[in-house]
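The following pair of complexes shares a single chain, chain A, combined with chain B in the former and chain C in the latter.
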Partner chain A sequence: MFVDTVIEDKALHKPVFLIGLSVTVLAIFFALNFTNTLFGEFLRPVIGDPTESGFFGRLAVSLVLTIIFVLNLLAISFTRLKVQILIVWVELLLLFLAFAYSFDLKMSFIQSRIPLMISRGLFTTIYISAISIVIATVIAVIGAIAKLSNNGFAYAISSFYTSLFRGLPLLLQLFLIYKGLPQLGFMVDAVPAAITALSLCYGAYMTEIFRAGIQSIPKGQWEASRALGFKFNLILRKIILPQAIPIIIPPTGNQFIAMLKDSSLASVLGVWELMYLARTLGQRDFRHMEMLLTAAMIYWALTIVLEVIQARIEKKYKQKS
Partner chain B sequence: MSNKFGFKKSLIVFAVALLSLNMTAKAGAVYDYIQANNELMIATDANWAPFSYIDDDGVMQGFDVDVGREIAKRMGVEARFITPDWDVITAGNWNMRWDVSVGSMTPTASRSEVLNFPATYYYTPAAFAVHTDSPVTTLAGLNGKNVCTTAASTWEMYLQGDLDMLNAPAFTYDVTPGTITSLKDGAMCADDTRLGAGVRNDGFIDSVPMIQGAIEAGYPIRFLGDPAFHEPLSLATDLGNNDPELDAELARIIAEMQKDYTLSLLSIQHFKNADGTSEDYTLAY
Partner chain C sequence: MMDTKTNIQNNTEMTPVISLKGVNKWYGDFQALSNIDLEIKLKEKIVICGPSGSGKSTLIRCINRLEAHQEGKIHVSGIELHERMKDIDIVRQDIGMVFQNFNLFPHLTVLENCMAGPNWVRGIEKNEAKERAIAMLEQVKIPEQADKYPDQLSGGQQQRVAIARSLCMQPKVMLFDEPTSALDPEMVSEVLDTMIELANSGMTMICVTHEMGFARQVADRIVFMADGEIVEQNTPEEFFNNPQHDRTKVFLDQILK
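Moving on, here comes the complex of A and B:
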């Protein structure tokens, strides 16, 4: 973002804002009523039995929580930017872990299932996504060129394709391919059906991204290349695409991340990928939350890896230009 | 699990389709395919302990799975399990994705429009369960309430009042719920019921062994009254790829397994009562 040279006082250090914030937070905590939770137990010496503390107890608990919250914000505001970011990340992560911990999870159960979730589930998820990403990218390049061409057939086919596959829910496409194609005599199994649906759906989205990326290059670039006598293919490969790719990469990375998680839809066809195992492995012992949270953490970790890769690639192209 | 043989199988199916120029395979085609491929493809929903589930090592286990393995063994071929959702199995039109369903399916008139039921292999009672704090004490107490069940199941048909079971013991509709909440499987219903009476539902209906399993896992639920009805549970094959030879072979194997008590032994091994005794569900009511 644009770095402003005009530095204003921090909002948190203005008394009016601070008081307004405190009152709002107090109202929220009061409305949510934390009296009968762990916080109420902590304040037992002050408010007595939390269940019978009534209005006073509720107010006291909210007040204490508000003070902790606002003091925490103030303390963070005096640190440097990088430290601020780190502290907020850690605090949010701790809150999430507390949320997970509150389910009374059985760790030994998770440990005994994790090898299977990774060796079977994560592996299947990754290979379905990876193949789909490659196919979708190829479709997108062809689709974008077709959509930009003057050829009526190419334009009509590609615009019909993007309209149809962006217009249907992915799950519906999955069922159409899995149940519909065999009736025409083309037998597709669950995994090929999932890969086809993911590729076609994300290919349609990425066609639009590629098209917009190519179109964002000024017309003058085409005209100048033409004036130099270059052929269409050469202009595209050597002049237009190298400029368009840095624009295309951020939204494409988003699509990859989204596709990784949408591959979980293959679970309805009985493919043993991460989501399917998460739903199924806790079954015999009726321990569903353990498996769902484990899968959540694995998906998240995978997404973080993709985000880092995306950031690296973006940085590389930034340096080049 | 089902991916490895996709291409090979699709080629064969495509060839069959080309030769016959219509989608109905000739009699015996499925059975010949099983023998030629040396593999019986068995469909069963893996979300149904103790009937079928995935164990720690990623291997299918359970009563249905053991029955399926035994059938394949007696056919002299390998068993291979495929785990689509329940409603995908009951919808028929399998297109030879799998050969037989060993998944505790009740023969009904509506299902027999798309499926064959070659052999009944056991019988289970279906019962209602409610939260332990629920004020409901009789089946009639659930009338007008919100009752949870599995989509496309016989229990759902029972709640809707149009359960058209074939060859089943007589029963009466004892519960007319106000709302029927149909979810993906019974475990989701149990998860909702344990939140409390009337929170997401007022109770659910499922098979007695499944409810028993949930109670043993510490769910705060209890059985409500006597079992609502008893259902025969059968193997199923695809009517679209009608194969009398396969059906006859499956019926012969099940009869054999009943005669030498293999089925009874498997039932005793998998189905336990609250007091630790075992249950033989293979006897007709």
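Moving on, here comes the complex of A and C:
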């Protein structure tokens, strides 16, 4: 974003805001009532038995939490931007871990199941997503060119396709392909069916992204190329796409990330990918949270990898132009 | 011997490289060109002027068929331009065009901009295309900018690169559509100087411009357009000193003020 060179006072450093914030936070902590949690235990020397501490105990706990919260904010506000971002990230992560930890997880159970989740689940998830991403990208390039062409057939087919596949829920497409095609005499396995549905659905979204990207290149680029005697394919390949790709990358990265997680829908067809294993591995031992949280962390890690790759590519293209 | 040679030369100089006969063009219901007759001979320099919206751009864009005309005939080097033609790319390779806003390829360096046409279209080897590009950049006096990207250059430099890019295709004719209109005033002259040099080297040129000093110095003929028609055309002296039509007089009054 474009940062102004004039710095305004931080809201946090204005007394009115600070007091308002404190009161609000206090009210929230009071309403949520943390007396019977770890925090109540910590204050036992002050409030006595937390369960019997009543209104005073509840207020004291809320007050202490509020002071910690606001002091934390104030402390962060005095650091540099990069440090602020790091601290807030770490704190949020710790809160999330505390949330996960509060489920009384059995780590040994997770440890015993993780090899299968990774070797089978993660592998299948990546496998399905990667193939779908490649096919969807090819569809998107063809679809976008068709949509921009003067050919009536190409335009009609392409716009019908994007309309249909953006218009149906992905889960429904998945069932239509998996259950519908066999009735017409085409047997499809679950994994190919999932790949087909994901490719077609995301191909439709990405067609629109690619079309918009190509259209955002000024008409003058086409004219200058034509004036030099370039043919259509050459213009597209050498002049238009290289300029459109940096524009296309951020929204396409988003699509890849979304697709990675939508591959979990394949679990309803019984494909042994991450989501399927997360739901089934913990079932017999009633250890659902263990497996669900493990899958969550794996999906998240995968997404972060994609985000980093996307940032790298964006940076590379920024340097070039 | 000498005589026949000059005769042949005269002959080729007499046959028009570009000819428009009875050309009409519409944008929807709006007629942008009416009944245009124009012939341009080899090595001739034509300046087209006229009020904004009079169809100057449309006219020169019809010559390399960036725009389609609906009636009449346009011939370039004897080849007729029409919508079913197979070899428009061949014709376009022989016609250089310089645009008001340069239209350089921003993702390519100056050198790559100049090599693109010869290398990709004419199939000339990279090394040779590079040599040619450097020679042309020297001609427009910016060889030292070869490895920069277009947006690192000033407007005047960009326009000179655009001229060099066209020249690398070794065109027979150069079209200029208000090449100095988008430039800051102090950069106009560097582009005009380049164009004057090009004119002196014998290039056939059609320039849409309001730079009347340039027109006076370089043009063999000035074509004045209004409302999609050619109102009059004449030598610079006649055009400036003895305009025939009222519209021309009004236009000259405004522009020479």
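Methods note: the second predicted complex is superposed on the first by the 321 of 321 C-alpha atoms of A that agree within 3 Å, B and C clash if a C-alpha of one lies under 4 Å from a C-alpha of the other, contacts with A are read in each partner's own complex, and residues count from 1 in each chain.
Just so we're on the same page, contacts are C-beta pairs under 8 Å (C-beta built on N, C-alpha and C of every residue); 3 or more make two chains touch, one makes a residue touch a chain.
Everything numeric in this text was worked out from a predicted model, so none of it was measured.
A.B. asks: Would you check which partner chain A:G253 touches, where first means chain B only, second means chain C only, and both and neither mean what they say?
C.D. replies: neither
A.B. asks: Applying the touch criterion given at the start, work out whether A:Q243 contacts chain B, chain C, both or neither, answering first, second, both or neither.
C.D. replies: Only chain C is touched by A:Q243; chain B is not.
A.B. asks: Considering only touches as defined above, state whether A:Q221 meets chain B (first), chain C (second), both or neither.
C.D. replies: In the superposed model, A:Q221 contacts chain C only, not chain B.
A.B. asks: If you tally the residues of chain A touched by each partner, is the higher count for chain B or for chain C?
C.D. replies: B
A.B. asks: I'd like to know which partner A:L234 touches here: chain B for first, chain C for second, both or neither.
C.D. replies: The answer is second: A:L234 touches chain C but not chain B.
A.B. asks: In their shared complex, at which residues does chain B touch chain A?
C.D. replies: Touch residues, chain B against chain A: 1-3, 5-6, 9-10, 13-14, 17-18, 23, 46-50, 53-58, 61, 82-85, 88, 93, 95-97, 187, 190-191, 213-214, 217-219.
A.B. asks: Can you check the complex and tell me which residues of chain A touch chain B?
C.D. replies: Those in contact with chain B are residues 112-113, 116, 119-120, 179, 182-183, 185-192, 268-272, 276-277, 279-281, 283-288.
A.B. asks: Mind pulling up the chain C residues that touch chain A in the complex?
C.D. replies: Per the touch definition, chain C meets chain A at residues 64, 66, 89-90, 92-93, 95-97, 99, 101, 103-107, 116-117, 120-121, 149, 151, 162, 165-166, 169.
A.B. asks: Flag every residue of chain A that touches chain C in the complex, lowest number first.
C.D. replies: Residue list for chain A touching chain C: 218, 220-221, 223-231, 234, 238-239, 242-243, 320-321.
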